[in-house]
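Right after this note come the structures.
Paired with chain B in one complex and with chain C in the other, chain A is shared by the two complexes that follow.
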Partner chain A sequence: MSSISRVGTSVLAAAAVGLASASVSADGISGDVVRIGAMVDMSGVYSANGGPGAVVAVEMAIDDFGGEVLGKPIELLSADYQNRVSVAQATARRWFDERDVDMIIESTDSASALALFDLGNDRERITIAAGSATTRMTGDGCSRYGIHYVYDTFALATGTGNAIVQEGNTEWYFITADYAFGHSLEQDTENIVLASGGNVLGKSRHPLGSTDYASYLLQAQASGAQVVGLANAGNDFSTAVEQAHEFGITAGGQILAGMLVFLTDINALGVDVAQGMQFTTGFYWDYDDETRAFSERFYERHGAMPTMIQAGAYSATMHYLQAIEATGTDNADAVMEYLRSNPIEDFFSRNGYLRADGRMVHDMYLAEIKSPAESESTWDMVRIIREIPGDEAFRPLEDGNCQYVNSGS
Partner chain B sequence: MMRIALFVALVILAIIAPFFVYPVFLMKVFVFALFASAFNLLLGYAGLLSFGHAAFFGTGSYITAHALKVWGFPFEMGLLAGVVASTALGVLFGLIAVRRLGIYFAMITLALAQMMYFVYLQAPFTGGEDGIQSVPRGTLLGLVDLRSDLNLYYVVLAISLAGIFCIYRIVKSPFGQVLRSIGQNPDRSVSLGYSISTYKLAVYIMSAAFSGLAGALLVVVFQLASLDEVNWHMSGEVVLMTLVGGVGTLLGPIVGAAVIVTLQNYLAEVGQWVLVIQGSIFVIIVLAFRKGIVGELSDPESWLRTTLRRVGMRSPGPGPSARPGEAVDLGQARQPVRSGD
Partner chain C sequence: MGEIFGMPVQVLMGQLAIGLINGSFYALLSLGLAIIFGLLNVINFAHGAQYMLGAFVAWMLLHYLGIGYWPALLLAPLIVGAIGILMERFMIRKLYHVDHVYGLLLTFGIALILQGLFLNMFGVSGQRYPTPDALRGMVDLGFMFLPIYRGWVIVASLAVCLLTWFIIEKTKLGAYLRAATENPELVRAFGINVPVLITLTYGAGVALAAFAGVMAAPVYQVSPIMGAEIIIVVFAVVVIGGMGSLLGAIVAGFGLGLVEGLTRVFYPEASSVVIFLVMAIVLLLKPSGLFGQAR
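The block that comes next holds the complex of A and B.
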């Protein structure tokens, strides 16, 4: 018994020493290492959009930065959160508490991202959403240390929705993934459609990861809507498009509107199936020399061109590391302060800046999928129709009601 | 004597463990140990394989989360609300389910649990896929701040051990003896004058209540109630925990919970391989430990003990003996009636 209590005391003493040293180095690099955690969907419906490719992107950013910052090593952890809130939250908790992770970047599931933001806010660590879409992350779910980097449902809806409605296609039918992300995307798009005098004739909701869209598609067909809006993503999206093709929806004159389309989805479908579809994106690999330079390097490591999530993950990690170098600390407050007060500009982010609510505002693009005749190579599949300036693409700051905006954090 | 020493050693280990191991992980192990023990009460003793225990676990967690977050209940009342709700659900489901046996019982419980899943998916208070997030942990009796992981650890340890101890007392009571006889030979129990459906209903409700308590504790630990807790995967996981550890043994569900939770926690960083590794480990356990880890270790006739003896090592501890040659598998997971200790 006495030996046990001795062990206990020595552990307590060790813990106390550890705490003391941690507080001393508050303005340097905590724990003499910068740890980044990448939380991605490795094998589920969104694995191609973010997934392993997002981890590769973060790795590339660390390598390009030289593997260390201010003479301290940069470490990367990654985990598969299986699109489950509980796994994401438990892993993040362990990373923050046990592994002393300084920043977590995540790749897809909106519900998990909200949980991460909440935890980051509590633990005073930075969380970056590269792939999640819900606007709640800059609204009621915002965090003092949260950055919503790549895109959101509002930007998708304004970009794609406006473009389609302005061509006179005002009668819509929605096929929606039945959870936070789908609802948010459907709602934002519906607002656009209604605001421009359009009509929503009906909605069908499908569970995440459906394989059979027949009944939803037939209802959409029967509704007589001009536009069938697909408020889903990843495998759900590509399966729905494929089946819509088989049912002759597009051949029958209805327009398929993909509200969230990733490069990898188009690759999976093939341009012959997806041709003519318009969508909004935050990044396209073949946009200019800078994007091509990054994308070709990424292709060498990953075997596919980067999606906007993957490109965004690289860009976000790079800016995070630059902020540490510039401020001389990995302290979350200092890093956020730096990021908020400096422009964010690189191959990915054009005219970018970080807003008080955590929204990284940058230019978005309205794109159209090429026809097989126009497409010159496997990855040559999209034409950029229009650049959407950031302030037009994203929801105005005052509409989000993020609780930390007024307190001047 | 040996048993008491072992028990004391385990308790001391549990008390000093949070200084060495991450307390949140340990709390998760204890919560699932309680959940698996509650499940084992039903499968291991009454011989009822429920495939819908996630409904009670999830109800406990959702109601507790809602009570703590929206109604502003204190910690103890929040737990109580969760337990009351899951017990009530247990009464309702029990009345429907215990009329059937075997696979029909499993299917009915699964169907009822899936029904609850969709209720929680659609009900406005659960937040759908988002779940109920940032649930406050509160304080114990208004004195101990549970926001500290270490404080909460001891509270969770105490509550789950108390729960497991209650289950132990139930199993060792005359009521438990009747349960085992029902599990082994229901017809004979009827002929002896027992109203077996009343006994089954009672144990079903008890199991539901302890499952609800486990769900409620999980919410306090993670400050999150999500659909994972009501999904049928969760029902399957608790079956696995119990099978891996050893059906019908008291220690088995605890060991099984520890094994599965450890796998889930530490394999998350292996990436895509996580499912492959998990699958292989299950295959190995099913092939090598037919009666579960604890079941094999405590059976003197098992290949494990035989091999250990042959190699010349001392076999670990004198365990309870099972009838030689009796095959225990999913369908007939029953223990022979033993008289007390």
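The block that comes next holds the complex of A and C.
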């Protein structure tokens, strides 16, 4: 406890020094610098969809903003959390306590993101989840300074689940990544299936990073389910789809439902294998002129079109910096207050606003993967079937039971 | 169809077939390891990386030079085997006179470097390698649809395993090899160039890994981390079969594939640990492995 208050005092002291020496216009920037920390999976199973590309996106936002805010420089730190909660926690502690980082934006797994939110809540610093999916971040794991920006398991499950169930495909079999994220995604989808009078005929759980899905796929095939729901992500997802193709799952009349699909996965699979699959996404690069303009600039720097995580990381960083400029301070309370009371609108976020529980509500999209005949270029992979309004896509505020919503109002 | 232990026969047979496919890769990889350990006394931790290299060489041949699967099946093992020979000649050889652990550490380091290089160049997302046209499609076995390519994997790897075993255990070349490792001085006295023989043996072991890599390319995605994932399991297979025993490696490879397949039916959660469980039990009951001789 005493160490925390000591750090608090030293931050205050630093701020006071900053105040004394600063010019009139920038009196609210702690330490005379805005430090942003980007924590991602640099080389593991989730590095393609977030990873180095997410750091590039944050960097782009800082450059586009001009490299400084209120006359003070913006600094970017980045770190690889190695898919380990302990590394994520230790890095975040060092950033907050020693490097005076003002905001952490992540593309990590859900368990690490929950730990970051907890730490941000304690240190009164803003944490933005761009990559991880669990709805607990706006539920029992919510933070006064936490923003869940891009998507969550509820939005994925309702968007994709509803679309498939409404076409009369109500018998499901799940192949699920065996940890918090997979369970959460499976549960949310199962709720949709059951609510519409459907059935779940069976489930297979596989360890993170499996290379062989044949036996799970055969069980799914033998179950006679109409839909095989894949509640996993990244490499796990693309390998499972590839093998489903090989074992004739789709040729046998079963529908494959990817519950979390990233652009990079489709690119790895190729449209010939993935064609026809419907999924929910928060962003598609080729949606309109605005998305294309950003994505082409991103492509020049990163060599791949942005995923929803990467586009979201740019958008979140931009809005964070705009809030600092508008309020004249990087104080976390003031910035959160500003973000909550102003619409969040740009190429990424349509009809967006930040809710009291930290959920950034914005329009989501139901997408379908094109056939090779429809696809005109390498990255021309998806057709948007419909926009899902934010309030329909995300879980209602009152269902999350975020403690700061109840006590705050 | 009937049921066995409350499991439809159809599901059971399907899982056994899949177990056999995985077992093919275990057998090919553990055979290479067993050759290198049995004849060179080197614990080749780079084996997984060499398997990955085999898959990537096949992928590069296809993408940069337009060379397809069948030539790659021969070329990739040759190329990767040659790289292995250079490694043996310039690095591993220097460690023959010290403890096994140093060879293990060196090859582990090489594995990490190779994996890191490929991660840096290709990222973690897998590259696709198309199934060769002649082996596309499925056959209906009655209890399951078996992709033809996977059937080919079983047949080809069984053939390669048996051929390798035959060469080493039953031919004159194999006899020289075995003699050279038992008593190099004596064999040299007969006018046989022992260091070259040793180098070629390492190259052959590495080529087997690369062959497995090419076989795996159309089944799994070609990814820099594919070797790191499988190598630990393969080491367990070698230990179960008996360190250095070629027949042990082949039998344990296919057998453990089947055991893993069965576990997936009855208790899927345990499928990733069952091989290690078997390893622990075998080590407790017969520390030299099923087919190994106590040294």
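The definition used in the following text is that the second predicted complex is superposed on the first by the 381 of 409 C-alpha atoms of A that agree within 3 Å, B and C clash if a C-alpha of one lies under 4 Å from a C-alpha of the other, contacts with A are read in each partner's own complex, and residues count from 1 in each chain.
In the analysis below, contacts are C-beta pairs under 8 Å (C-beta built on N, C-alpha and C of every residue); 3 or more make two chains touch, one makes a residue touch a chain.
Keep in mind that this is a model prediction, so the values were computed, not measured.
A.B. asks: Following the overlay on chain A, give me a clash-or-fit verdict for chain B and chain C.
C.D. replies: On the shared chain A, the partners fit.
A.B. asks: In the overlaid three-chain picture, which partner chain does A:Q166 touch, first (chain B) or second (chain C), both, or neither?
C.D. replies: Neither partner.
A.B. asks: Once chain A of both complexes is superposed, is A:D80 in touch with chain B (first), chain C (second), both, or neither?
C.D. replies: Once the two structures are laid over each other on A, A:D80 reaches chain B alone.
A.B. asks: For A:D97 in the superposed arrangement: first (chain B), second (chain C), both or neither?
C.D. replies: first
A.B. asks: Examine A:S43 and indicate which partner it touches, taking first as chain B and second as chain C; both and neither are also allowed.
C.D. replies: Once the two structures are laid over each other on A, A:S43 reaches both partners.
A.B. asks: Look across chain B and chain C in the superposition and give the shortest C-alpha distance you find, in Å.
C.D. replies: Minimum C-alpha separation, chain B to chain C, in the superposed model is 5 Å.
A.B. asks: Name the residues of chain A shared by its contacts with chain B and its contacts with chain C.
C.D. replies: In chain A, positions 43, 178 sit in both the chain B and chain C interfaces.
A.B. asks: For chain C, which residues are in contact with chain A within the complex?
C.D. replies: Counting only chain C, the residues touching chain A are 8, 10-11, 14-15, 18, 21-22, 119, 123-128, 131, 138, 144-145, 147, 149-150, 219-221, 223, 226, 229-230, 261, 264-265, 268-269, 271-272.
A.B. asks: Please name which positions on chain A make contact with chain B in the complex.
C.D. replies: 4, 7-8, 11-12, 15, 42-43, 52, 55, 77-81, 84-87, 89-91, 93-94, 97-98, 110-111, 114-115, 118, 122, 178-180, 183, 208
A.B. asks: What part of chain B is in contact with chain A in the complex they form?
C.D. replies: Touch list, chain B to chain A: 12, 16, 19-20, 22, 24-25, 28, 121, 128-131, 133-134, 149, 222, 224, 226-229, 264-265, 268-272, 274-275.
A.B. asks: Show me the residue ranges of chain A that touch chain C in the complex, using the header's touch definition.
C.D. replies: 43-45, 47-48, 178, 204-207, 209-212, 214-216, 218-219, 222, 235, 238-239, 242-243, 246-248, 252, 264-265, 267-270, 273
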